[in-house]
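Got some structures for you, see below.
After this come two complexes, each holding chain A, first together with chain B and then together with chain C.
Moving on, here comes the complex of A and B:
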């Protein structure tokens, strides 16, 4: 007879685990990673490896410093740091080898400061990958915003795109001026940009995978992107802005993989609607204001109000009074109160 | 009446039902062992007071403990023999309470309640109370109290959902004792007065649906297979479209919910004069060699049932009741009660090892919560000792403890434990404030 286990109900549980979810996210990131490698070759590979290494090593060293045994670390290793490292690498430009310290330092910052300092998996307030990305952007400005590597193939009008990402000039100038079509943006051919952000089609494949595996609800990224695109159109007074504004920059990567991060997004449906609409609005507005690092800062900003959203917007329990009825009730109460007041006043007079 | 489809329950979880293990095994009468221990607290409410003394000769169906209040129930002897004493024995959940221990003489000399003079509402209710009938779905709330609602009622909802995986005892009762269950349901309806009878049966029991469809006074509602379909509030919503208001009882929505097994017990008590001292129980699980549906006498040790059905060596868990809400037992040296609906023996492959990791705020628990609560918030604030905030932001007071949240949790957090702790602390604080 084996030992009898006593534990709380339920005694049957779903097979899905945190590690499984993170593995799904990694699989979903695979197409974008492969696209990045194809476009930018060895430089991308080095950046990715350094970033992932930095992220995982930071987590492990942190836990070792907290006197956790190697065995325990391995058992609780849930792949979140791998996801963080990979996501961070995908948001970095394919850097020259002499800048090897950038992915390393930013991933150490991402996991060390943004995640472990706050208490590790599930406790971070902002998305670690975005924190790392912003850290890199602020700390190492020149390699991050200029002198970007040209993709290995695709026809690039070198004059038009020598200094900035397509988005920067596009929102300033009229569309199509630099010879980048929507199709180019979709496929990433001839577009300069970050490792994972260039090939949108790869990101979309990842999105479909996440939706099919039910890791991410399709509504959320769609709401974010649609709101952002529509507001861009409204501000530009032309529907032609929709596709370029959606397909360029880090919007898709941000919407699919960063904004939907479980830890830093609201925990219920209604709060999520508000969150993603707000994200779209903030992103679109910021884009017209600053033009750089927009998606990162928008998500970072909105991450900070998630705890408030969780507190303020909560689902109503099953069997709660329906809202119209509730309003009617409140109105009736108010009327009764006012009536009493008037009566009192009348009596006094 | 032809079965209609129940209202769609969007929330809840889909648990593999595992009912095939014992679904087609006919009910078998199990002989009681030499010694039975019958608890005085087999129901919600105050424990019954023993009315027999050590050395007394008792008969099967003789009153051995009397109710002590409005919410309380009589207890009857399930065997004939000699009372060996009133002793403290372990409960299923790990606590101890008083048990009347009886030496079984295996003669099963029966003592019956007097036949009823008429079938008026009041007489039926009095008999139900006298026979010690309690809700046999698991909660064990005295049935007579439920049948005397303070607000007018126009629906009698019969709970035949049996949404807990593995359990098939209600299903077997419906198949094998259709007429008797039906008579019981009609008696319950009569006790309530003018009511419509609806019967909620999950779609994975097509035979039962077909059987009860034939009767004109019963509206069968075919329910989607989901857990927790058998929860009172959700059953009422699915069957009648009404929602029980927050913090209110089903009677406030004009409904009374009764279990199939309860209906059968009512039939036996009213028509046969037989008080509640035995019930059908499912013994199942892959760790069980011969899964069975047994007619078990109250007070039978689980040990005896285990020997009757056989257990595999690799079994790691004994569960009293269903796997979603039933407690795990430290040993099978405990005794069955009126509410014991199942005894499961699970192999490691069926049950999961709990290895909680930090919450990643994925929202899966909130997505499935049938009460629309935020279990992760309850867990968070409970861990921090802020029970009031858990109630404010998580809504723990409305929790029905179904365990759906813990079932889906990818971090395998012990949500049900947190919730139970939080509820207990809130109750204590409330008591202290008074």
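Moving on, here comes the complex of A and C:
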């Protein structure tokens, strides 16, 4: 017996590393990035390069200031900042070259403030890319809102598309005036929007890859998107709203790549159900309330309640009292307590 | 009367060691709301300084008359008197500042810095000491607000004291989220520098007393 030594937990190990998972995410983002480059050309390329550079540089400079040697940094480098930079760039509109500082500053904010200030990888309370996007959106409203660019090809001929994103016109008018068919929305042809969010097919390909590689569970994005779509239908009182509301804006990008971030989503099943349903509800309501695209704000808001969800909804340990029995017990306890109170009152009287 | 060393001690306390904004984190409401511009910060800071000096002096003079049980209402009454006075003065002589401070001017009555100094200093110390304490605490508050206001104005509006510097603005810093961000960062930096300086000063004092001995762990253990 004494020959056997039990090491400390965890006993079940996988060869998976943070770097491997992040590489998977990068591969999954590849189709969307390529689609963005095809649709928006050099502008998209510049935005993506600047944003990724800003994110990685911020992380490395921060670690250098903490007196870590370059070798150690390179050894520990887990690609999270590359993912943050790329995701952030995909949520920015293809900006004019004179706004080169927007992707730079917002990626510096994303990594420096939202991630490193809270202790680095795995300790951030909000998704860094989302924080960066919201920073850009609040700080540079005019280029972020009016900086939309016509895609390089596609059938842009309707008036509705030329003024704003399809989503804004959808929220503003009835569906008939939208001018973009669901197929256009799905392929991203002739749709204005942020670099990574217009081509939904590319995002879906990435989603399938993530599910196959088991990086993301398929339920979560599906729940989020479905709830958001259904509530949009309820608000618009027509089932025709489902596809446009799901396929326009940054909903798919947010649902697949941002809401499912390991660090900022709840860590057990039931809390996750609550989280993603709430996300759908908040996104749909905010969309109709504010008439702008709010997926990033919804995710930011819900990220903040994740610690509470983790605290309130805990996984039940194996062998714990089953829930129906627990409820019965509680009821019995309550009855006993009430009975005692009544008795006491009776005695006092 | 008051000695120069005492003034120095009260000064260091008010400006640095007990800086109301960065060390005690008091009076956060005007700090967050009014620091969109450096000028607002100065205005608010000086208004609070004015009230602090007089309320501290009066409360200190009356400290033996006011019964302990009703001291808080009595303090608030005295503070409110001076705030009302200040409002009338500002309305008459500097109407632009009066308007820019809006609701935060009457709210000085319930500013916890003033009540805090009354409770912790003025009700226990002589009149002149208390007046000096009010002056330096108020100046510490002014300094902090001006600093934050300057940072937010430069980054958020591309200007300083109303003079436009450049056309580049990060509107994040003018918003309330930016206020919290700048506040947090300034508290962190201030405390970082302050503790560094303080520990160095302690070391120097120690060396003055005991010569250049190194205090090792073994000696401490003995």
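Structure notes:
Rule of thumb we're sticking to: the second predicted complex is superposed on the first by the 317 of 349 C-alpha atoms of A that agree within 3 Å, B and C clash if a C-alpha of one lies under 4 Å from a C-alpha of the other, contacts with A are read in each partner's own complex, and residues count from 1 in each chain.
Here, a contact is a pair of C-beta atoms (placed from the backbone, for glycine too) under 8 Å apart; a residue touches a chain by one contact, two chains touch by 3 or more.
Since the structure is predicted, the reported quantities are computational estimates derived from the model, not experimental observations.
Of the two partner chains, neither chain B nor chain C is touched by A:290.
By the touch criterion stated above, A:105 is placed in contact with chain C alone, chain B being left untouched. In the superposed model, A:69 makes contact with neither chain B nor chain C. When the two complexes are overlaid on their common chain A, residue A:135 makes contact with chain C while staying clear of chain B. After overlaying the two complexes on the shared chain, residue contacts for A:219 are found with neither chain B nor chain C.
After overlaying the two complexes on the shared chain, residue contacts for A:113 are found with chain C alone; chain B is out of touch. Look at A:329: by the touch rule set out above, it reaches neither chain B nor chain C.
Within the superposed three-chain arrangement, the count of touched residues of chain A is higher for B, of the candidates chain B and chain C. Listing the residues of chain A that touch chain C in their complex gives 101, 105, 113, 135, 138-141.
The residues of chain C lying in touch with chain A in their complex are 168-173, 175, 177, 181. Against chain A, in their complex, chain B makes its touches with residues 13, 15-16, 94, 165, 233-234, 237, 243-246, 248, 313-319, 323-331, 344, 346, 350-352, 354-355, 357-363, 366-367, 370-374, 376-377, 393, 395, 398, 403, 406-412, 414, 416-417, 420. Looking at the complex, you find that chain A touches chain B at residues 1-14, 16-18, 20-21, 75-76, 78, 80, 120-123, 262-269, 272, 310-311, 314-321.
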